[in-house]
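Chain lettering (A, B, C, D, E and F) follows the sequence in which the chains are written, and residue indices restart at 1 in each chain.
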Amino acid sequence: MALLEKVKIGVFKCGNIGVAPVFELLLDELAERGDLKVRTVTTGSKMGVEDVEEALPKLFDFDPDLMVFISPNPAIPGPAKVREILLERAVPSVVISDGVAKRIKDELGKQGLGYMIIMGDPLIGARREFLDPIEMAIFNSNILKVLAITGVLRILHQEIDRLVAILKEGLLLTLPRLIVDTDVIRDNSDFQNPYAKAKAMAAYELTKKIAEIDTRACFIEKEREKYLPLVACAHEIAQIAAKLAEEAREIEKYSNTLARKPHSKKGEPLSKTKLTLPPTLDEKIYKRWLKTLQP
Amino acid sequence: MALLEKVKIGVFKCGNIGVAPVFELLLDELAERGDLKVRTVTTGSKMGVEDVEEALPKLFDFDPDLMVFISPNPAIPGPAKVREILLERAVPSVVISDGVAKRIKDELGKQGLGYMIIMGDPLIGARREFLDPIEMAIFNSNILKVLAITGVLRILHQEIDRLVAILKEGLLLTLPRLIVDTDVIRDNSDFQNPYAKAKAMAAYELTKKIAEIDTRACFIEKEREKYLPLVACAHEIAQIAAKLAEEAREIEKYSNTLARKPHSKKGEPLSKTKLTLPPTLDEKIYKRWLKTLQP
Amino acid sequence: MALLEKVKIGVFKCGNIGVAPVFELLLDELAERGDLKVRTVTTGSKMGVEDVEEALPKLFDFDPDLMVFISPNPAIPGPAKVREILLERAVPSVVISDGVAKRIKDELGKQGLGYMIIMGDPLIGARREFLDPIEMAIFNSNILKVLAITGVLRILHQEIDRLVAILKEGLLLTLPRLIVDTDVIRDNSDFQNPYAKAKAMAAYELTKKIAEIDTRACFIEKEREKYLPLVACAHEIAQIAAKLAEEAREIEKYSNTLARKPHSKKGEPLSKTKLTLPPTLDEKIYKRWLKTLQP
Amino acid sequence: MALLEKVKIGVFKCGNIGVAPVFELLLDELAERGDLKVRTVTTGSKMGVEDVEEALPKLFDFDPDLMVFISPNPAIPGPAKVREILLERAVPSVVISDGVAKRIKDELGKQGLGYMIIMGDPLIGARREFLDPIEMAIFNSNILKVLAITGVLRILHQEIDRLVAILKEGLLLTLPRLIVDTDVIRDNSDFQNPYAKAKAMAAYELTKKIAEIDTRACFIEKEREKYLPLVACAHEIAQIAAKLAEEAREIEKYSNTLARKPHSKKGEPLSKTKLTLPPTLDEKIYKRWLKTLQP
Amino acid sequence: MALLEKVKIGVFKCGNIGVAPVFELLLDELAERGDLKVRTVTTGSKMGVEDVEEALPKLFDFDPDLMVFISPNPAIPGPAKVREILLERAVPSVVISDGVAKRIKDELGKQGLGYMIIMGDPLIGARREFLDPIEMAIFNSNILKVLAITGVLRILHQEIDRLVAILKEGLLLTLPRLIVDTDVIRDNSDFQNPYAKAKAMAAYELTKKIAEIDTRACFIEKEREKYLPLVACAHEIAQIAAKLAEEAREIEKYSNTLARKPHSKKGEPLSKTKLTLPPTLDEKIYKRWLKTLQP
Amino acid sequence: MALLEKVKIGVFKCGNIGVAPVFELLLDELAERGDLKVRTVTTGSKMGVEDVEEALPKLFDFDPDLMVFISPNPAIPGPAKVREILLERAVPSVVISDGVAKRIKDELGKQGLGYMIIMGDPLIGARREFLDPIEMAIFNSNILKVLAITGVLRILHQEIDRLVAILKEGLLLTLPRLIVDTDVIRDNSDFQNPYAKAKAMAAYELTKKIAEIDTRACFIEKEREKYLPLVACAHEIAQIAAKLAEEAREIEKYSNTLARKPHSKKGEPLSKTKLTLPPTLDEKIYKRWLKTLQP
């Protein structure tokens, strides 16, 4: 393969999950990466087959080197259509989805799609008596905080960073096959303090609990007196989960050991802890990325 | 004009501001509106002229009835190019931007563009020693919470909802010309409790303070010992602003007077307060929307 | 049956669950009931067959009218032996246990035993690297607060109060057959504010999550690096669940609608909300208790 | 004296104080000690002479090597009867009681009874307009948390552990004579951080304040308008004391210096601080226990 | 007596107590009262006889109609000298002091001095290893908050307002003789919510506890290891007391029932609760003030 | 110049700013300095020319070596009169004022007056519908906490301490010319933890925001519906600023690095961090003070 100077990433989103709203921004938080170009097309909260068929093809006009597809529940018709088109186009593709996707992970694997399934990216409390645009935004705010602090977003951007690094080197891509459950959080944490890690894990477990309750409230309970307290209860858990995650991060601030891992202008992984010092190249992680390519 | 059964909204984002990540979701939080179709194209955190020229035209393939353009600082070359293209294409367009845009509001007006300028949508602490993808996501989480609870997102979606209502009726569009500062929050609040409103206003004032500090830290201070404490300080304010906003909302929960205003399937404005009751059509607001059209 | 002036209740505890430590005190919180006599025998944290065989018989020396047996997991040998003895002695008996007991609820029913199975009474993080007497006590403190505020302890004492009322009237006993899950909390709550109820339900759901994590940490994970973060995580959830429950109760204080239901000296159910007023006889509930007896 | 393989402890409780509900569990938090057997008999919240005379003798059927008697105010008739019986039976006995007991500590000493008087184990707000089973349980939850975190429960279990160690070695028993006031907390603390210790001491002082207020509210004030605000005030202090104690413990978590002192299977004192490491035998304390026996 | 158009109040402070720093400001919070003139002379933290003799006489140059003397412990030589001079000068005088003053209240009464003794205005933790200017200021901040919210400052300013009203009418002065203990707080509270009142009372009880601990730490304990944890503990209680008081006030905000009682330009007592409404003349209280004068 | 054994400081206050109420106490927090004598005269909240002319001259009777004048807005007539008198009397004088004073700093300099202008000492929400004595005291409590913790009060007392040291040595006085803005806080902080410093800076920025809002609410907005929410909003910011500052200080407690800098009996600067150790002479700072005098 030829070396790429600038990797083009196409992102397609239909429907919404917690990691979706800021996904592109994770890859280039300072808007200074010279090695990356991102284009996103979304269909808003809708995820019908016709939405997909109309919107997704535009992305290929950008001639992407890598496709990322983000949606809840990739098994239903709209997202299934996305996968179908991705396979037709034969661009290396990664599916990012919520816990519901776990059921079809083998299928995703067989199709040659990479995947990152976020077990703690919960269904929202989608009942009209409860969910208005404000409640929806607050829920996303809370979930985003949990996903950021627990390390889920770190795992996500590093996996894409890894693919970009490989693409730039013209090496062989190994797409991620990742179920991001609490054990992954536990074993891949940036936390120095074990209690901070425990609180972060707790926050993540809480998001899984939200998924469980909202699923019941949205799909099983039929009477308002039954589902309304449940969605309200689930969103209260989202609020407290965000608080708990925040507390975990504060612990690291209190001992000035908070890890920061910005991208360099060239897209390399930098790393630091003490706040007043500059970040330095994290060679260990960079080498690990390229090593995973060797046959 | 002909009546539209389904209004097509094109959203173009380049760079990021606080309201951007969830914007489309605000319009159709339950993904059940039959009167609306949204397509979004974004260029990630980049906002160069070439990004704009490559990406924006795709949106017009969807033949939008209304265009929304979201970016920070619409005066710089990339976003200026967006405005140029929007004017060429002659689709009714609304610019949503941060406080920096206030300087060119007259220009926007003269160009025939609608605008909603969010004074409390602050610049992020974009210093590599500080900002990594996680810090960026947390900042967005905090700002999103403030914008949601203070009522900014309510104002935003209702303005677009209003335009959609007008477009559906085939009436004459009056595009919004709105500077969303604290007085707008004060005078358009859903809060029943005056202390809740005061806390929300306080949270909003804090986001303006963040903008002020981060601008200094990003563009004026040159030495790390000077700007690093400032960006850290600004993000601490973001955290406490989110907490303060949350507290404001809790007050309304405590007296069970929290306003919820979901969209009906037809896209009408619904409204409710007591949690256990269903929302009902908010005829007053709907009529007001259509009345503003009369010559 | 003859009328009883004073009902004698024998309580046997082996091992510990969250409701156990204060159980007797719930029945006579002011130590002024003239219609009740309680004797408890416990074997501490041990629950072996020999412990049971030695300790339980002593209780029958008090000639109890009603037996209450509290332990985790009533299916294992020690508690099973308790059930065996209870059946031999033929005193009306109620088993109070945690979620593990749900599996044998039909068996309990067939044996003619009453039961109250508390789904949100979680296993403790019983790993020696983590659990010392202090951690154990704190965990119990947190769980106790959740069980108290969510209404579980209310359900428990009212069921026993009901049996006492029936025994005093010499009517036919219908022993409770109760799985206390979140729906029971939702449908039997003393909360006036629906957000308070939602928070209480959330707290209860969290205790179920604790059970899930601790079960994994105590019985499935074998390596310290794996189970230690899990037990720490579970106890963090216990802490935040207690906080959430407390917040629920505070809401009711804030509107002066907190329900209080003390026992009268005669053991009747009293009730009040406004703090400065005296409680009055809750005739509705009392009549309901006696009505359930009618054939 | 002969060596004991397994020490049998009889625990008698009448009435309730804060340390009572979990007392036995403190001695064997993991239910794995092979050197200990505990049997408890209680009379619930009642503490009449007849309750004592009926219930206490059962405990001696277990042939205890050591008796622990827990009640409030050991000077009143019921508890005085307990002490009388304990003296008759001539089993080494330790009285655990609240601050009221301080008045008779010399008498206890003369009777040859050991004692641990917990100055910060306060009277509950026992007024029917205020105290119902739920309020009672919450109060116990709060007090339990304070007693656990401040180190009171540590002192308690270590004193009993010491007696067990001596009994196992067949050496001479020296029963504890301990007034657990704030100075004891200060001088026997597991806290590494002096501010954590200060907060813990503050929490303990608050429990003494509760005792003072509740005593006034229960025994001195006669009008509802006077005593009701007082009991409510006292329980608010209990809530904030628990919060303050929790904060103290969090400080130790934040620096990963939280002391944990579980029992080994043989009942030896283990000790650790860093969360991820295993506990090790605390030989210093163990030797100190046995040394105190030497003449 | 002649009517006074403008009442001149001389305030003398030596040493510091919690109510001292803002005392004058309480009388004229908006700096718009036309009926009042205040002059204050203080000797800083010193309270020696020579300080008093030098500084106090200056105040009489202003020809005061009423003297207010604020100091801790008015029995020691410096403050005693103040009282002596006040008696010589024969201007109506009110002593405001802390709980230590209670011992000499009869003497104050016999001397014809008015007094307001604030039982919950505690000694500071005056140990050099602990107290620096910052710690001192923070302590004062916390105590000030408690005294403000619990109603102590209300009682104080209303008593002086009453005297001013009488002086303006030329009627007979009845000087206050007030021991401001928790019962006074309970019986003179502006709180609408009984739990808010209970929390405020709790905060006030905590300040009395601080006094108790600091007295021990400053005057009894001699070794650093003993007194240092005590002063730290006392100041932690001050911090939590302020938090508790703040919580009490928040409750009133949550139901929009917070009482506000500003002075009119003429110095009359105004009153209001709902935030958005203007205050109105509190005639009831004003008449009560003047009525107390009638023989 | 002759050496002074005891430096006499005259303090004149008219009107109130946040640092005023405890100013003298900062200089002698333990009331044990032998090298200092302070006399203060104030006119309460009033700051008219006649108040000044009557009250200020009394201070000169004490024959002060140094004058400190504290008031808001030193440009208006009353305070201007103070400056005029100070210049006539030719005693070295330092003006301490709020941000409004910045406008006349050059004038102050030309007049030969020292100054310390506290940019974060905000105007109170002086609207009669909002501000009563209690609200005023609470505001002062909050601002005092921020000024103490952020380091403003440290800077203040050390500057006066420096002048006292110079006066005692009979050296040449260089009066302070200080604008205490956030950069001064940043560069002169006692905080060890950079996140604590960031939070403190944030708290200070918030007080500047309060000033901005209250200025608008008090002087620009004319209608109650407009200014009332603004003053309420400003005081909410004061409350949260105090909380944020407190959090900053807690961080230092958590790592036992909190700086304490008491005065010795001789008025020397002492210093310490670890709580359990005694303070020692801070020679570095003392020498720096005296060195600044050298030509």
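Following the convention adopted for this analysis, contacts are C-beta pairs under 8 Å (C-beta built on N, C-alpha and C of every residue); 3 or more make two chains touch, one makes a residue touch a chain.
Computed from a predicted structure; not experimentally measured.
Common neighbours of chain C and chain F, by the contact definition above: A, B, D, E.
Least step count on the touch graph, chain A to chain C: 1. Where the sister copies chain B and chain F meet, the same residue numbers recur on both sides for over half of the interface positions.
Ranking every chain by how far its Cα centroid lies from the centroid of chain B, the top place goes to D.
Chain A maps onto chain E through a rotation of 180°, based on Cα atoms and reported in steps of 5.
The geometric centre of chain C is 23 Å away from that of chain D, both derived from CA atoms. Annotation: 50 Å between the Cα-based centres of chain A and chain F. Averaging Cα coordinates per chain places chain B and chain D 58 Å apart.
Centroids built from CA atoms put chain E at 41 Å from chain D.
Shown for chain F are the residues that touch two or more other chains, namely 194-195, 228, 232, 254-255, 275-276.
Interfaces, counted as pairs of touching chains, are A-B, A-C, A-D, A-F, B-C, B-E, B-F, C-D, C-E, D-E, D-F, E-F. Those residues of chain C lying in contact with chain B across their complex are 193-195, 251, 254-255.
Those residues of chain A that touch chain F in the complex are listed here as 253-256, 258, 274-276. Of all the residues in chain C, the ones that touch chain A in their complex are 182-183, 186, 194-195, 197-199, 201-202, 205-206, 209, 213, 226, 228-230, 232-237, 240, 243-244.
Residues 15-16, 21-22, 24-31, 37-47, 51, 54-55, 58, 61-62, 126, 128-138, 140-142, 144-145, 147-149, 153-154, 157, 224-225, 228, 232, 239, 242, 246, 249, 260-264, 270, 272, 275-279 of chain D are the ones touching chain C in the complex.
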